[in-house]
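In what follows, a single structure is set out as structure tokens and then discussed.
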């Protein structure tokens, strides 16, 4: 926009005024959701088609992009904002729908069947026949704080971030507030680490600030290794400045002049967007020397991971940035006292940093009114698995699992029966149906044997085998263990071996007790969080689904129909109409039959790949 | 100064002292495998785990790295600790069934057999060799390779090292004998160093200019013999570690032979 | 502090050369004045580094939890059958390398694979042959 540095509140306000027309231009604006999920479902092709169509018809429209709105199930999402009207969000767009979409805009028509919802903008009148954003089941119970801008602004534009109030909190902080004041606000707000352990953020800042030494560091942990979790990715792709602003505020409060962000290499777009955001902030003088004329200097550096889950653990992350042996270190000393290169270091997760500017802007009081007594604010969850509406949601702490799975998630896929929700990644646990009314907060989840973790929430149905789930997690941890300490390196392998045995029908009496003993040893004696929580998948599935383990061991049966050695495929002669689709799909020619007559499956040739089950439209494949 | 109780015995030590060091002071033995005086605690073997009594659920920590606190109550041999330690030894016994150091530990704890399938390793991955080579000798000829159950200690690409100075410190600290000095390998020194032929104690930084006049047949060397007789530790630690009486004597001896 | 750039340096090298050759690693150690054993450690510790040459196109099958629950293993097996290779290896004609990754962060679209920079989600076994054909 302009090349002038932003040094005062007036500079900021002036830029906001000028940039207003970016978000609210005086011509129709079309934005395509271009986060990684959008692109994977074809958003790029949709954007290209729109661009071509607009050119062909000589239309004077503004084209843009936006981040993840959260309703990933419905991607690609396209929103249309006509001047003075409510924004309409269209779901599941594809290039072939584009011509009609564009001509509708030109003729001021709206195709209601394609519309997901409308978003009222600056008191625009409500459009008929389209649900409001707040009325859509998926969005209704959400409260977006960390995700406030995702899907609503162009993440490539620092100006749009400023229009939405960005960097005003930083200006407030640097216009005379004392670091101790800021730390007090964060403490009073009740904000707790959103990366997993939930340590009170303000307290951590305080400890780091008061640790000995002039040189201090802050780090943003963007390693997000929990499979099933992608809130940090979406935040960095959809609103990188919210994280950056939080980091600058935190650095000032703690007394750090250099900050690092550690992003996993599997998130290339997040790396690009954040790097871009840093450059933009530097250009405007919001990063670098003498920010807002306060005398405060701060710079940010980016380091990437290279494929190691353990590097999400804070001491291993520090070791990875330092470049030496890549493994965790004994704590104490904690990083707040002695971290990066031995200096006091404050590490916070992406989502934690993103909450900071809002808390400063709206106050600790406002924030602490949201959530439960000990878990304030909101949490972003990735609701995935066997649920109808998959996506990223941000809800107030205290909402129940039932509300998340049924109201937001719209129930179980294919009307199957709900079995469990897995939270906290490989460090967490499975919560069964009997606890579905559990309010979600740090304490409650830990009480039932799981944990909040980074917010991955994987919904499982009756066809999910809990022994298989435990085996899966232990297999993951086995691959990711750094190998430094004996219990984790040896114990996890042993647990995984026993689980493999059980899933093959070779389990014996005493296996469960041995599993429990190993799990406890690994949990209590491991060096770092990876090992210390490695027993959880085993311990929680045993706690709530012991009978399933026993069924595998005593009766060599897998009730969910998953463990390959214990199931077999067959064809239901009554449902099969002989269409032959499965014959073509089968890689080993195990299915035979005459046309239009029920087919049969040769068990000897069957490799249980599931191709027939996937392709059969008549539900004739039985898995037992 | 801080006062705490370990196994009901009171002990007073400086702040920042580890539980392990405090236990030594009152003669309580806690088993370790990866701990070495002179190196920062590593925390890999976990054998030194102890129980700290707390109001709401006791805490299990590694004694080698955990600092003492005023009023702390530590148990080094509680039922729970013994159970955990036994399983750790079972893990090690399964991994290295023929290693004496592990078998001795098992015997001490009355463990006849491990419940787990035996492997055939002789390295317990304590990391002492790597840490000594990197942090004390300062060369880094060997390092860790891979991770998890595939973790091992090796030279890059398993090639004969061209930076190893033959100091033997790795072999000296190894608790299992998995690393051994190969006298044959000293051939490389004879061939590669040309007319320089620096004594390996010179390469360790212990002697300033001593040239080897023995064709690297150290077992016949008077310097080597004298050093072994004088010190109660590996020579490399003498310069970088503890300044015991014997070490002081060693340095005065060195001065003499350098004249 | 140059040591903190090691991972990024190795990544840049691998992006150029497809893998990390021995001599290049030795050179890096020399130039940065760090032990060769350290550079080798990093190259073998981190999953995304490869000491062996890989195919022209890298297929990453995501086996994160959501992808696992929604059939990721079957997709992986289907690719193995189609290309006649096992995970962790390269096709004979050096066209494709197949590796497991956990996780890419596209959990809503499970099961997911990534080929070079392209992410393909909402997969079924039936879609695989068509997707593979797109790559030269």
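The letters A, B and C name the chains in turn, as written, and every chain counts its residues from 1.
Here is the rule we go by: a residue touches a chain if its C-beta (ideal position, glycine included) is under 8 Å from a C-beta of that chain, and two chains touch if they have at least 3 such contacts.
Computed from a predicted structure; not experimentally measured.
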| said: Going by the touch rule set out above, what shape does the chain contact graph take here: line, ring, star, complete or other? | reply: complete
| request: Please find which chain has its CA centre nearest to the centre of all protein CA atoms in view. | output: A
| request: Could you please state the distance in Å, as a whole number, between where the Cα atoms of chain A are centred and where those of chain B are centred? | output: 43
| task | Please work out the Cα centroid separation of chain A and chain C, and write it as a whole number of Å. | result | 22
| query | Distance from the CA centroid of chain B to that of chain C, rounded to the nearest Å? | reply | 37
| Overlap residues in chain B, where contacts from two or more other chains coincide | 144, 146-147
| remark: Expected list for chain C, residues touching two or more other chains, is 34, 38, 41, 45
| By residue number and range, which residues of chain A touch two or more other chains? | 308, 325-326, 479-480, 482
| task | Flag every residue of chain B that touches chain A in the complex, lowest number first. | result | 41-47, 49, 60, 62, 64-67, 80, 83-84, 87-88, 91-92, 94-95, 115-117, 124-125, 127, 130, 144, 146-151
| said: Give the list of chain C residues in touch with chain B in this complex. | reply: 22, 25-26, 34-41, 44-45
| field | Residue ranges of chain B touching chain C (in the complex, touch as defined) | value | 134, 139-147, 155-157, 163
| said: Using the touch definition from the top, list the residues of chain C that touch chain A in their complex. | reply: 2-8, 10-11, 34, 38, 41-42, 45-49, 63-71, 74, 77-78, 81, 101-110, 112, 117-122, 124-126
| message | Using the touch definition from the top, list the residues of chain A that touch chain C in their complex. | response | 36-37, 39-41, 72-73, 75, 224-230, 233, 265-268, 303-309, 320-326, 382, 384-386, 390-392, 422, 425, 456, 458, 460, 464, 472-473, 476, 479-480, 482, 585, 587, 609-611, 614-615
